[in-house]
Amino acid sequence: MAGIKVDGERCKGCELCVAFCPRSLISMSKQFNSRGYRYAELTDPERCTGCAICGRGCPDVAIEVYR
Amino acid sequence: MLEEIIIAGFGGQGIMVMGRLLAHAGMVEGRNVSWIPSYGPEMRGGTANCCVVISSDPIGSPVVAEPDTVIAMNRPSLEKFAPSIKPSGLLIYNSSLIDIVPERQDITVIAVRASGIASELGDIRAANMVALGAYLRARGVVSREAVVDSIRAVMPKLSQSLIDLNVKALDKGMDIAGDQLMISESIS
Amino acid sequence: MSERLLMKGNEAVGEAAIRAGCRLFFGYPITPQNEIPEYMSRRLPEVGGVFLQAESEIAAINMVYGAAGAGARVMTSSSSPGISLKMEGISYIAGAELPCVIVNMVRGGPGLGGIQPAQSDYFQATKGGGHGDYRMLVLAPASVQEMADCTADAFELADKYRNPVMVLGDGALGQMMEPVTFSKPPVSVSELPPKPWATTGARGRAPNIVNSLHLENEELEKLNLRLEAKYRRMKSEDVRAEVIDCDDADVILVAYGTMSRVCRSAANMARSAGLRVGIVRPITLFPFPSEILSELAKKGVPFLVVELSLGQMVEDVKLAVNGASPVQFYGRTGGFLPTPKEILARMESVLKDRSQAPCGAVPER
Amino acid sequence: MTRVFGRPAALADVPTHYCPGCTHGIIHRLVAEAIDEAGVLDRAVGVAPVGCSVLAYNYFNCDMQQAAHGRAPAVATGIKRARPECVVFSYQGDGDLASIGTAEIIHAAARGERITVIFVNNAIYGMTGGQMAPTTLVGQKTTTSPRGRDAALAGYPVRMAELLAALESPAYIARVSVHNPANINRAKRAIQKAFEVQIKDQGFGFVEVLSSCPTNWGLAPIEALKWVEEHMIPYYPLGEFKTVEGAG
Amino acid sequence: MSERLLMKGNEAVGEAAIRAGCRLFFGYPITPQNEIPEYMSRRLPEVGGVFLQAESEIAAINMVYGAAGAGARVMTSSSSPGISLKMEGISYIAGAELPCVIVNMVRGGPGLGGIQPAQSDYFQATKGGGHGDYRMLVLAPASVQEMADCTADAFELADKYRNPVMVLGDGALGQMMEPVTFSKPPVSVSELPPKPWATTGARGRAPNIVNSLHLENEELEKLNLRLEAKYRRMKSEDVRAEVIDCDDADVILVAYGTMSRVCRSAANMARSAGLRVGIVRPITLFPFPSEILSELAKKGVPFLVVELSLGQMVEDVKLAVNGASPVQFYGRTGGFLPTPKEILARMESVLKDRSQAPCGAVPER
Amino acid sequence: MTRVFGRPAALADVPTHYCPGCTHGIIHRLVAEAIDEAGVLDRAVGVAPVGCSVLAYNYFNCDMQQAAHGRAPAVATGIKRARPECVVFSYQGDGDLASIGTAEIIHAAARGERITVIFVNNAIYGMTGGQMAPTTLVGQKTTTSPRGRDAALAGYPVRMAELLAALESPAYIARVSVHNPANINRAKRAIQKAFEVQIKDQGFGFVEVLSSCPTNWGLAPIEALKWVEEHMIPYYPLGEFKTVEGAG
Amino acid sequence: MAGIKVDGERCKGCELCVAFCPRSLISMSKQFNSRGYRYAELTDPERCTGCAICGRGCPDVAIEVYR
Amino acid sequence: MLEEIIIAGFGGQGIMVMGRLLAHAGMVEGRNVSWIPSYGPEMRGGTANCCVVISSDPIGSPVVAEPDTVIAMNRPSLEKFAPSIKPSGLLIYNSSLIDIVPERQDITVIAVRASGIASELGDIRAANMVALGAYLRARGVVSREAVVDSIRAVMPKLSQSLIDLNVKALDKGMDIAGDQLMISESIS
C-alpha cells in the first residue's frame, strides 16, 4: 500500500503534480487555503504506487510519499 | 477635501487598476490625486495594495498610514488594514472571500459579495469593479461618469465587451452599497 | 500634449528625457526604477533612438561616457546599489567634463538594504561618492510633475556646464502616479547647439580627445581648478529652492523630495494649530541653497531638518547656518515615511528646546 | 507505511516566496538532497544571489551568505579560501551570473576555484519583473524587449555552459533541465557531481539548470515547462560539457 | 623584530597586516599601492596565508566580504579609482556588519586623474561613498611607522565594531621609505577571539546568515539604528588626534596624513619667526575629533585647514567649530604638495583677515 | 628614390612613451595602416584603455576617448550607438580586457556590437610594473606570482580568442603575433579584416595580438620576441577562430 | 637603388631592426641620442634592397624606406 | 641638521639604490630619514629620480622642492634640477654623460666622470657609487662606514665581488671629490 500526504497550506496550486502523476491520481481542491490557492488532493488513494514522481516535481515540497 | 484610500487584495485581483481608475477619475474632475502601489519582489498570489489620495490641496505623502477608506478584497488585507482606518472611516470588503465579520464599530462597513457577483456577471476578474462601484456610492468623492470615462485611459487594450462588463459590475456594486447604506442608516 | 496625464514618476522621467532630445539610454534593471528602462525600451525606437540594456550598471555608465563623449544627449538610471557601482564612471565623466543625466531612485541601504523609499544617498550624490574632487549638479524633484521638469532641466544644465547632472528621486517618487503636463514643445535634436569637442570623427579639424588622465601635476591641477570654477558658477547661477512661509516662522523645516511633501502637510497642520512653521525645500542639492538658509538664520529662527536617513543634508544646513541658529534633525529609515504628526511632535520639541537653550546654541542631534 | 519521499534535511521547513509552479523550488530541493547525500550539511556554506532566489539564505539549513548582484562566485571564493574545509556553493540566476556577474563567474572558473555553482537559467530577470536577460531567446518578449529580443540590436543569447567549457581549468560543467520528472532526476545527478568534484578537490563544478518563470513568461506553470522543452532546450542543449576523470 | 627597518609605507602595511593576523589578501594592481599586493604575494604563503589577485577591485572586495563573513582577518588595498569600484561592496560589508581592512593609497582625481599623492577621497572615505547610511572607521597615518601602527589597529577596531576600517594614505606615504619598528609580538591567529556569527559550517549550532537585505521596514530601520549606535560608540571611544602647541596659538593648522607633516615644518618655521602656530592632526577621520576642535574654537582662534584637495575635511572642521571662530582653507591638487613657505604665507593672511574681520565672522574660502 | 615605407597618416608624428622594443609600437602602426587603407581616418574614433597604451589617445590621428580600466568595449558601444557612421575601435591590454573588463568584452561580443577590438596580450600587467595577468603563463614569474604562476592557486591562463569564439554573435575573431616580420604581415591582415567586418556592418571584430613586454619580462627586446614564439604561441595558438562569409 | 633613413632621435635602440634585416645591414651607433639611446645605422647602403622589413619591425616607426 | 637631496638620472643608472643607501646610512647613524622615488608609468630608459631627506628633527615633506644637494647622472636631470638647488648648495654631476658646464655660481659644483670611472673599474653600473662617494666626501652628512654597512641591507643579493667593486667605486668617488674640493678651495 502506498500514498501521499499533501500539505494543503504549503501547496500553491501550481498543478505540476497533477500533470506529472503517471496515473493521473491528483486533482485540485474546491477549497482555497489561507493564502488563496486551491491545493492538490489525491483522488484515488488505492491506485497510488508511491512512485514519488509527484513529490519530486513539486516546487514547494508540499507532498510526502509513503510506501 | 482630502480622501485617503487603501485598496488591498491578492495579486491578480485587479487591485492596482482599481486605484488607478480612482486616481484618474479624480484627475479628470480637477482634483490633486496620487496613486502609489506597494511594490516588492515579484510574486504571483502574494498580497498587493495601493494607496490613492484625492485632495483639493497639494498632496503630502502619497503613502497612506491612516486611511479614510479601506477596500479589502481578501482576508489578509482586511486583517492588515482595517485597524488603521480613521474613526468614522469606511471599510468595504469582499465578503465572497472573507468569512469573518469586521469588529470595528466606529466605522462604516460595507460587505460586498464582489467575487460572487462578478462570477455571476460572467468574469470573476470584474470583482474589483463591483467593489469600486460600492465605494463610489458610499463615498461620492468622484463621479461614476469620471470612472467610466477613465476606463479607456487606464486600460487602453480592453475590448468594448469587457468595458461593458466592467461598467455593469461597477453599477452592480453601486446598487449593493446603496442597499446596505440604507439598511445601516435605518438601523442606526 | 499639454493635457494632464496620469503617469508614474519613472515614466515621466522617460517621457521628459525623450522630449528633451535624449535619444540614447543605457540601463540595467533594479527596483524601484524599472519603469524608466521599460519606458525607454518602448518609446525610444519610436523616435529613432536607441535603448540598450547593458550587462551591468558599470557598463551602462561607461556607455553613457562613450555616447556623451560622442556628443549625444544620453541618460542612465538606477537605484542605490546600482548607483554605487557607477562611482568610478561618474568620476570619469566629471573628470572628462562630459554632459549626461543620471537618475537615482533611492532605496533603503546600506548593502542590499530594502526597496522602499529613502534619502540616504545624499552624501554620495552631493559630495562625490567617487574619488577625486568632483561634483554633480543634483536636482531633487518632489512630485511627478517635477520629475518631468527636473529631467528636462537636467539635460540643459548638463550641456551648460559639461557636467553630469543627477536627478535624485526615491522609490515613492518613482512608483507613484500623479497628473503631469508636458507643456514645452519637444526639443528638436537636430537643432541642439553643436558640441565641437565631441568625438564625431575628425573631419576637417584636429582630432578631439575625451580624457581625464593628466600625468603632469600642472595639468591635473589645472583641470581641478577649472572644475572648481565651474562649481562656483553653478552656485552663483543655478541654485534652486522653494521657500514657503518663512517670513514669520517660529521654526523652519528643511526637507527635500518626498520628505518635503510630508513636511508641507505637517506645516499646514501646524498653522491650523497656531504654530508658525516655514519650509525651505532645496531643489538643487548641489549647489546647495546655503545663502537662503544663512539669510534666514540671521533671525535666529530654529531649523528642523527632516530626512529619510540618519542625517545627511543636515550637515549642509549646519554649514550654511554656521552656528547662527539652532539646527535639529529628525530622520526615519528603512522605508518609513514620517507622518505629519511625527514631524509636528518634533517641531514642538524644537521650540521647547529653543525656549530653554541659550541663543545660538546648537543642540546635539 | 514508511515515508519514502519528503523534505531533505538541508532544506528549511518554511514556505518559500516563489510563485506557484516556479522551478526554483525544485532546484532548491535537488541542491539540498545533494548536500544531504554527500553528508556535508554541517560544513556547507551557501551563497545566495540577488534575484528571485535572494532569500535562499532562509531556505537552506546551512550557513549562508547573501552576495551582491553577480558577485556570488567572488564571495564563494573568499569563503573557500578562508575555510578550505567547507563545502561552498553559490546559487545564481541568469541575470546575476550571465550578465552583471560575467567576470566573476569566468574568473572563478578560470582559477579552478573549488566551489560548486548552481546556475538557474530562466531566460529572464524574474525578481525585477521580467526584463531581458543575456539568456533571453531571440524573439522573446520581455518588459525591456517589448517587441521581442532582436539579435541585430542585442545579439544572440549567451550559452554559459559552453562558454565556461572553453576554459582550461573547470572540472565539471553540465546543463540540465527540470521540466519533467526524468530530467529532474538527471539534474539531480549533475548537481551531485558538481559537489563531488569540489569535495574531492578536483576543481570547479558548474551546473546550468533550465528553469521556468511562469509569472514573467505569462504562462501557466505547466505551459511554462512546455516552453522550456520546446524553446529553451533547442537553443540550450542539455549535456555534460566538461568532466574530469573519476568525477561523480 | 624590534630593529629599525627602512621600508616603504606600502610594505609596512603588508608586514603589519600579517603580524596582526591577516592571512588573506585579495587585491588588484594599481599605482601607487602595488607594493602592498606584491609584498603579500611574497610573504603570505610563507605564513600559511593566501594571496589572491582578483580579477578586479569589485571581485576583490566581494572576496573580502566572503572571507570576512567566514570569520577571517582579511584585507584589500587599492587606490582612488579602484576604491570607487568597491563602493557597493563596502556598503554591503557595512550593512552585513563584517570586519575587514581596506587600504586606499589616494592619488589625484577625478577620473583616471594622475598617480601622485592626493587627499581628495576624504568625502568618499568618511561620508560613505557607497549608498545608504553607513560609515567606515577611517585612520589617517602620517608616517611609515604609523602606516604600520594604523594597519595593526585597523584589524583590532574592525573586529571590535564588526565594521570595515579604512586606512587612508596617499601616494607619498605608500611610496616613501622611512625607518619602522614592529615592537609588538605578532598576533597568534589561533588565539584570536572566536566569531560565533561567522559562516564556518553549522556544526552543532543553528545556521549563521551573513546578510544585508531587510525587506521589512522595521527590520531595515532596526539595522540602521544599530549602526548609528555603533557609530556613536566610535565617537565616544575611538577618536584620535594629535594636538600640538595649541595652548598659546594665534592660529591653528588642521591637516592630516602627508599634509600634516608639511604643516609641522611650516609651524616650526613660523615659531622661529615668532608666530605662535598650533596644529590639530586628526588621526581618525571618522570618528572626527570634533570636540577637540570645538573646545579650541571657544577661544576664537582662527583655523587654517590645509588639504591636498579643493576642500573636504574643512567641512568637518566647520561643523565642529560651528561658527565659533573663523575657518579658512588652503589646498593644492594634481599631486602638488604645498611647501612650508606657501602655508606660512597663508597663515599670515589668515591672521591679517582676522585682525580686520569682525569677531566670529567666517571668511569665504 | 621614392618613399616606400614610412609613418601612416593615422599615426601621430610624436615619440611614444613605450619602452625600447615594446611591440605596442608595431601594433599601433598596423592599426594606423589599416585605418589609412580603409580610408576611414576622418570617421574613426578610437578608445584607449588603462594600461601601457593609455596614451594611445595621443598617438592616433583620429578622435579618441580614454576609457576606464576594462570598460573600453562599453565606451566603444556608447560611441557606436550614438554615431553608427563612425568606425569605432578599442585598443586594450590583457589586464584591461581579460581581467577587469571580462564582462564588457564578452557582452560587446555577445551583442555583436559593430566595433573592432585590438587586444594586446603580453601576458602581464605592463603599466603597473609587471603583475600577474589572467594570461600569464603557468610558471611565469611576475611581481605578484614571485614563485611563478601556480595553476593550483590561480588556475590556467585564459585564452580570450577561443572564449569569445564560443559565442554565437561575433563576426571575426583571430589571434596573431608580431614576433617577426612574417607574423607582422599576417597580423596586419587580421586587423584589416576586423575593421572590414565593422565597416561592412557584419558585426563584431576582434584580434588578439601576442605582444612582448621586455621591461617586465626582464628580457632584451629580441629575447622577448623569442619568448613569444617559444612560450606564448604554444599555449596561445595563432589563427582565425571565427569569420563570416565574405569577411576581408 | 634603395635605402633607409633612421630618425636617430626617435630610435630607442631596441635593435629589432638589426635582428630583422635579412641582409644584416643595420648596426648600432657609438653615439647616444639625447634620450640616452644608441641608434640604428645602415652599415652598407649599397646592399640595401629596400624591402622595408626593418621598417615594418620597428616599434617606433623610426625608419623610412626609399626605393 | 637637515639635508635634502635629489638624485636623478636615466632609469637603469641605479638612482634609486643611491638614494636608499643614503637613507639607510642615515638611519644607521640614528637620524630621521626619508626616501621617496619619483614614480610613474613603467618605462625603461626614461628619467628617474628620488628624494632623500636626512634630519635630526622629524621630517616634514619627503618630497624635496629646493634641495641642498642634487646629484645629476645625465643631462636632462641636470637641466631639470640644478636650478632648484638652494644657494650655497651642492651639485654633483656625471661629467661622462653631461657635456655642458653648469652655470650657477652660488653653489658648489663637482664634476665626476662617474660612468667613465665605473667602466674603468670594470662595470659601468657602478657609476652611481662613484657619484655617491663624491657626495659623501663633499657633504659628510653620513659616514662612509654607514654607507658600506648599508650595502648588504639595501642589496641583499649582491655577490661579495660586486660589493667590493661598489666599495672601490665609492672610494674612487670620494677621492675625486676630495681633489676637486681642494682645487675649488684654492681657487676661491
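Read from first to last, the chains carry the letters A, B, C, D, E, F, G and H; within each, the first residue is number 1.
Definition applied: a residue touches a chain if its C-beta (ideal position, glycine included) is under 8 Å from a C-beta of that chain, and two chains touch if they have at least 3 such contacts.
The structure displayed is predicted, hence computed values, not measured ones.
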| item | value |
| --- | --- |
| Minimum number of chain-to-chain contact steps, subunit B to subunit G | 3 |
| Given subunit A and subunit G, the chains that contact each of them | none |
| By number of C-beta contact pairs, the top two chains | C-E |
| Centroid distance [mean C-alpha coordinates] between subunit D and subunit C, Å | 38 |
| Distance between the centres, which are taken as Cα means, of subunit G and subunit D, whole angstrom | 59 |
| Touching two or more other chains - residue numbers and ranges from subunit A | 12, 37 |
| Junction residues of subunit F, two or more chains touched | 18-20, 54, 66, 68, 99-100, 102-103, 106-107, 127-129, 134, 153-154, 214 |
| Sequence positions of subunit H contacting 2 or more other chains | 40-41, 45 |
| Residue numbers on subunit F that touch subunit C, as the complex places them | 41-45, 47, 54-55, 57-58, 60-68, 71, 74-83, 85-86, 103-104, 106-107 |
| Sites on subunit C touched by subunit D in the complex | 28-31, 34, 37-38, 41-42, 45, 51-53, 55-57, 81, 111-112 |
| Subunit A-touching residues of subunit D, taken from the complex the two chains share | 1-7, 11, 15-16, 18-26, 29, 180-181, 184-185, 214, 220-222, 225 |
| Contacting residues of subunit F [partner subunit D, same complex] | 99-103, 106-107, 109-113, 134, 151-159, 162-163, 165-169 |
| Sites on subunit C touched by subunit B in the complex | 4, 6, 31-32, 115, 171-172, 175-179, 258, 261-266, 268, 337, 339-340 |
